[in-house]
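In the part that follows, the structures are each spelled out as structure tokens.
Both of the next two complexes hold subunit A, though its partner changes from subunit B to subunit C.
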Partner chain A sequence: MNENLFASFTTPMMMGVPIVVLIIIFPSILFPSPNRLINNRLATVQQWLIQLVSKYMLSIHNYKGQTWALMLMSLILFIGSTNLLGLLPHSFTPTTQLSMNLGMAIPLWAGTVVMGFRHKTKASLAHFLPQGTPLPLIPMLVIIETISLFIQPVALAVRLTANITAGHLLIHLIGGATLVLMNINPVTALITFIILILLTILELAVALIQAYVFTLLVSLYLHDNT
Partner chain B sequence: MAGHDSGTQHQFTGIKKYFNSYTLIGRRNYVLLTYGSILMIILGFKMRKPKKEVSQK
Partner chain C sequence: MEVTFRVIGRAGWGGLSRGFCAEMLQSLVKNVWIPVKAYCTQVYQGIWVGMGLMGFTIYKIRIADKRSKALKALSLASAHGHH
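Moving on to the complex of A and B:
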């Protein structure tokens, strides 16, 4: 039972060859590149969606921050599509792997911090001390702010990993319970099945929300440093 | 966020001009002082350690 629960989180192999790279690349082929002035319906919907998201996400940024537009849009599309594809039965979700999420979070966070230190060194250093701090609290607060800065990429990665992994585990558990209860008590199995449907709808929402939260936080870190 | 300098309403003189928790420069200097102090403490302990081992031998 325990082995079955975590089997979907192991590295996927096909005839002994790891295919995790193919799975990570796969969502990109679902997004066609618009190459005409007026495109087909799928490309038009995709363009509209990207314009809608970028309008709200990039409105807070200045010129320097808006140079990250492509990065942020790619990030939200990648995480969103990966999370949604992971809700298909028997599929592998790359965003359940902490290594992958740390691989996204740390370079992006470090990029914003380095950019901040390079272009606004004084303001970046001054950020470690909130305005109006009383004198006795200054050393402690500087240390706390430093720790909270270094916690940011870890929190980004762990938030995404935990949310997606927990959702998938819950679906496994409740789906398994529904199957077992069908022979024991069909009425309870029906209730469990309804819970499973509601949970799946929740997981659809969580998949999109987590992609948005990840990208929004990276965008906020960028805004603080530009 | 809380990073912008509202130090124009504060008029500091002397050492307070460079070390205060209101202006950008004051906050930066306090942060650098804190990091410098921590570094000094660590270096002090590292330099003390070989002397302790020599005296025990």
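Moving on to the complex of A and C:
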């Protein structure tokens, strides 16, 4: 039972060949590049959604921050589509792997920090000490702010991993419980099945929200540094 | 999708001629690299630094893991050897 629970999180292999790269690349074929003035319905809906999200996400940024528009939109599309595809039964979700999420979080966070230190060195250093701090607390607060800065990429990655993994585990557990209860007590199995449906709806929302939160936090770190 | 000039070569391994590879490369450069060149070279410099930092961290962790495994194997072998 224990091994079955975590079996869906092992990197998938096909005849000894790891196919995880194919699975990561797969969502990109669901977003065709619009190459006409008036596209088909799918491309038009996707274009409209991307314009809506980018309008709200990039409104807080100045000129320098808006150069990251491509990166931020790609990020939210990738994480959102990967999370949603992971809700299909028996599929592998790359964003359940901490390695993948750290691989996204660390370079993006480092990119914002390096940008901040290059273009606004004094303001970036000033972030280590909040305004109005009493004099005796300054050394301790500088240490705390430094730690909180270095924890940002780890928190980004672990938040996404934990949310998606926990959701998938819960669905697996409750689905297993429903199956087992069907022979024992059909009424309880029905209640468990209703809980499973509600949980799946919640996981749909969590998949989109986590993509939005990840991208929003990267956008906020960028805003602080530009 | 047009290519500015064609390179004709002999058929290579598995039907992938040198000409075909060169055409693919030209198309890749024209349609992918040139649109993102400004981003990759100027905007995302910090991201490359972050990727280097991450690669260095991964390298250090893997080396440490290899060393600890080798040490463990050595200590196990010496323990068996004593018995």
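Rule of thumb we're sticking to: the second predicted complex is superposed on the first by the 226 of 226 C-alpha atoms of A that agree within 3 Å, B and C clash if a C-alpha of one lies under 4 Å from a C-alpha of the other, contacts with A are read in each partner's own complex, and residues count from 1 in each chain.
Heads up, the rule we're going with is that a residue touches a chain if its C-beta (ideal position, glycine included) is under 8 Å from a C-beta of that chain, and two chains touch if they have at least 3 such contacts.
This one's a predicted model, so the numbers in the text were calculated from it and none came from an experiment.
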Q: Would you check which partner chain A:L125 touches, where first means subunit B only, second means subunit C only, and both and neither mean what they say?
A: first
Q.
With both complexes superposed on chain A, which partner does A:M71 reach: first (subunit B), second (subunit C), both or neither?
A. second
Q: For A:I143, decide between first (touching subunit B), second (touching subunit C), both and neither.
A: first
Q.
I'd like to know which partner A:L42 touches here: subunit B for first, subunit C for second, both or neither.
A. neither
Q. With the two structures laid over each other on chain A, which partner does A:T112 touch: subunit B (first), subunit C (second), both, or neither?
A. second
Q. Across the two complexes, what residues of subunit A are contacted by subunit B and by subunit C?
A. none
**Q.** Residue numbers on subunit A that touch subunit B, as the complex places them
**A.** 122-123, 125-135, 138-139, 142-143, 224
Q.
For the complex, give me every residue of subunit C touching subunit A.
A. 36, 39, 43-51, 53-54, 57
Q) Given the complex with subunit A, which residues does subunit B contribute to the contact? A) 1-3, 6, 21-22, 24-25, 27-28, 30-32, 34-35, 37-38
Q. Which of the residues in subunit A end up touching subunit C in this complex?
A. 67-68, 70-71, 102-103, 106-115, 118
